[in-house]
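All chains are identified by letter, namely A, B, C, D, E and F, in their written order; residue positions are counted from 1 within each chain.
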């Protein structure tokens, strides 16, 4: 049963990655990327790495995404510009 | 054309990697080389040798402490790089683009942030100092501190934040993580043992244990405070827009 | 019980897929933000379930606490940015 | 490379796929922010790969508690390495993003094709800091 | 006996949680515009999460774990409400026009006083 | 005095800890007085150089200095291991680094925003720390960490002037550098799963008996790809001309003389310390990879030289010349003959001095009158004799004319090729040398044999802190050319040991 959840999480991870790099709106891409980060933290839990999950939650949700948002806000929002 | 070329290259890389993982030991096996060569000692004796119930903390701070010193140097060099590229903000005078907006922050959001900030800080300190028996540790706590201060800055504006945490106070704190490691290392050298050794000779067994706990706590706090302040500084120098954009963009 | 909990987690994950579809589709940035917010909440619940399946939930629960605390940093930051004049222009 | 073996090593396969997705974004997407998202995806894929190496069947986290035998624990070394790796990834991202801000300030765009199209003759450059 | 009651309770709460989640998702997919989508996102989702967490509390018995779970629930509810408010407000400020049924007179635009 | 020498031999970790301490304190020091940063950095580099050079007597080709961090023996902890090659690298890094810090002083005052000067010196100290740590470590993952430090700092140093081209070059460098770092990390992961260890010597021991040879082979390929980008080998060299030509000149000197050598040292460690020729008996990949790398090295010699000839910009030309020399060094290391290895290692030294001198001269030309084009150097031989002569001597070394270190290096490399019967490499390398002579002596021709009608009186010699380091490096090439026997016997012994593993 565990591998089913694992498989679903993996598929979700791949889906978020693909969505994040295909969206044209950069802010939306960054938001989806934060969801990718959260999924990654879940996989760390599945792999019995609580320290990494904590780090990924704090860094991925707190710091990296905000840095991306700041930069996108200060520069351009559409991908083609 | 370029896309086709890239796809071919990706296919080659993918096939190489898949070949490699096909030949690797199966994922969950207990007999693969990485679980039989070095690790049994870490798992079996890590608690008394490294002084931490959380073996990962033991590996990070004790067995591979030198790597962690490199890690804090990486984040310090990232700070230096960002400041060398973007320059530091001015105390109380720098504004972010959001501050200059006519739309003010919602009262509900400011109230919630103001009341939850102390809770988050408390939790961050708990995480920093609780890395020994449970998951957590300096860097994680630092990241939480950084994230909460970033939230505060976005909600209340850069001018308020830089008044509360001025650059002059942050500069010495940014090096705290490296200085913590180096000072603990030099203490070891002064006692005649090797760099980053935490069991000092010449003390009794109980005293040595206490000293080791103290030294590990100092390092954890150093990593946490330094890391948090470094994140804050990076965000501050990225968020400020007082050079050119304010004049031309925001009405 | 573990199998049942895992089945619950799987069901929630399938739900999360639909939310991701909405995030990919949603016309405005706020739509996507709502969807990702729902995904985050679901992720938190799945995480809690996984802790109980693995055992030792007391040890892992700090992670969920961090999630719950930092969940809204991104949302607040982004909605704050989008509501200003420059952000609204797109 | 038979199929059942690959299915058993699901994490490895997924991390290779993620690596390729990230590399595709880094090489093909013209937008610099997209490139950086791709770089981050690559980084996390490598981290996933390394931590998966240390997994054991029905393992427990490597934290000494009552009721957990050390023989059940997963390998702590990859996790310790990846903690360093995550810090490195954040640092690289921060530096890259600050470079993006500068690039946008100088070129007015974040599209790498347009940036490449606007190369000026290197010899015409003066002392740049005087313009502030 | 107590064991059976507990298991049934847990199962029932989990199932209701899934139902709420499903309702939220369907609402998210079917609602016509952003302001309507805020309803399922904030309410159904929080309710679903709370039921599952309640199931976990019953499952774990009473210990330190319950305290942390309650803290998680508290912050979840708080952040859900605040996020819903922030998103709706940002949409309104950035000029997203509420949806109206074709042929029905839309509400007139209103000016909101800044607090 | 003897006490200090003893400390360095007992605790080689001070080589890393001391510059790191100076780097950590540098911004705090700058809060007090911004101009105090230069003496601070100078002091840090001097102490480090002193510690490094005091080790010269303690290390011989047969005896490496080891130090267990935190007191754990190798498979469990990290070990610092200073072998002969590592010591050579550390001595080069500290010597050239000291001169570069000295050179930076006036250049940075002139060319950089004053607020950034403290962080410039901090980054300089950090990059020195990381390079020293990279050269002496015995642990693969520690190597990766150190590599990340010097990569991140070099991205920032390239972009520090804030010019638009500089930022663009830095971003390109960052994308390629970060991708290559990830490749190296992936390779470490593969190798870890095959052997279960991170210590290099332990890995090489495990590889003799491992049953996962193919995994190790894939790891080898990934290592080579990753480190080639850092070393700017031919198909992945595209970041180098941009980054090296647009960076501030002391930074260009640093990057060209030292940082790209780190890629070479990485390849050297992987080829010879981790895998070793013994691995060839277990898998054909080792020989295949070595062959491919030597062909790529020859390709970079020819491509780099051809591209250098057609450049009009002085610094871009020098940057392409770096690619040529990376080719020579890697050709020497991959012909698998004792003399070739000696030549390759010796060329690291010769190229560090020669190319450092080149970029310093280019910096002086930019400092005095902002001359970047080659044809603008007319008559420099008369107005700036020391600078021009330093350039000329360094050019002799880069081309490989007898009384210089570059000649000895190329001689040994070609001798190695002949010993292994690879005459086609000899011919191609000589063609490369010829092309090198063309582009180097074109500059010398402009400097000495064409004169401006009216020499500009303002354009005299630069400050002494700028031309003295350049002249010292040029003198160094002659010194090591004449007294090559100071190094050659030890290098031969080291090469023999390396190839016998």
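Just so we're on the same page, a residue touches a chain if its C-beta (ideal position, glycine included) is under 8 Å from a C-beta of that chain, and two chains touch if they have at least 3 such contacts.
All figures in this text were calculated on a predicted structure; none of them were measured in a lab.
Participant: Minimal path length between chain D and chain E through chains that touch?
Facilitator: When the steps are counted carefully, the minimum from chain D to chain E is 2.
Participant: So which one's got more C-beta contacts, A-C or C-D?
Facilitator: Between A-C and C-D, the larger count of C-beta pairs in contact belongs to A-C.
Participant: Where centres are the averaged C-alpha coordinates, which chain has the largest centre distance to chain D?
Facilitator: The chain lying farthest from chain D is E.
Participant: Which chain has its C-alpha centre closest to the mean of all protein C-alpha atoms shown?
Facilitator: Centroid comparison flags D as closest.
Participant: Express in whole angstrom the distance between the two chain centres, defined as the mean CA positions of chain A and chain E.
Facilitator: 22
Participant: Between chain A and chain D, tell me the centre distance in angstrom, where each centre is the average of that chain's C-alpha atoms.
Facilitator: So the centroids are 11 Å from each other.
Participant: Distance-wise, how many Å sit between the C-alpha centres of chain B and chain D, to the nearest whole number?
Facilitator: One centre to the other, that is 17 Å.
Participant: Based only on mean CA positions, could you tell me how far chain B sits from chain F in angstrom?
Facilitator: Whole-Å distance between the two chain centres: 30.
Participant: Multi-chain contacts in chain F: which residues touch at least two other chains?
Facilitator: Correct list: 113, 141, 145, 148, 152, 155-156, 159, 162, 167, 186, 192-193.
Participant: Give me the residue numbers in chain C that touch at least two other chains, ranges are fine.
Facilitator: In chain C, 33, 54, 59-60, 62-63, 65-66, 69-71, 73, 76-78, 80-83, 86-87 touch at least two other chains.
Participant: Residues touching two or more other chains, restricted to chain A: which are they?
Facilitator: In chain A, residues 48, 50-51, 53-55, 58-59, 61-63, 66-67, 70-71, 73-74 touch at least two other chains, as defined above.
Participant: Mind listing each pair of touching chains for me?
Facilitator: A-B, A-C, A-D, B-C, B-D, B-E, B-F, C-D, C-E, D-F
Participant: Could you please specify the touching residues of chain B with respect to chain C in the complex?
Facilitator: Against chain C, the touching part of chain B is residues 97-98, 101-103, 105, 109, 113, 116, 119-120, 123, 127, 134-136, 140, 144, 147-148, 150-151, 154-155, 249-251.
Participant: Can you tell me which positions in chain C touch chain A when the two form their complex?
Facilitator: 2-3, 6-7, 9-10, 13-14, 16-17, 20, 23-24, 26, 29, 32-33, 36, 39-40, 43, 46-47, 50-51, 53-54, 59-60, 62-63, 66-67, 70-71, 73-74, 77-78, 81-82, 86-87, 90
Participant: Sort out for me which residues of chain C touch chain E in the complex.
Facilitator: 1, 4-5, 8, 11-12, 15, 18-19, 21-22, 28, 30-31, 33-35, 37-38, 41-42, 44-45, 48-49, 52, 57-58, 61-62, 64-65, 68-69, 71-72, 75-76, 78-80, 82-83, 87-88
Participant: Mind pulling up the chain B residues that touch chain A in the complex?
Facilitator: Listed in rising order, the residues of chain B that touch chain A are 54, 56-57, 97, 127, 135-137, 139-140, 143-144, 146-148, 150, 154, 231, 234-235, 238-239, 241, 245.
Participant: Given the complex with chain F, which residues does chain B contribute to the contact?
Facilitator: Chain B reaches chain F through residues 16-17, 19-20, 23-25, 32-39, 41-42, 62-67, 69-71, 73-74, 76-78, 80-85, 87-88, 168, 171-172, 174-175, 178-179, 182, 185-186, 189, 193-199.
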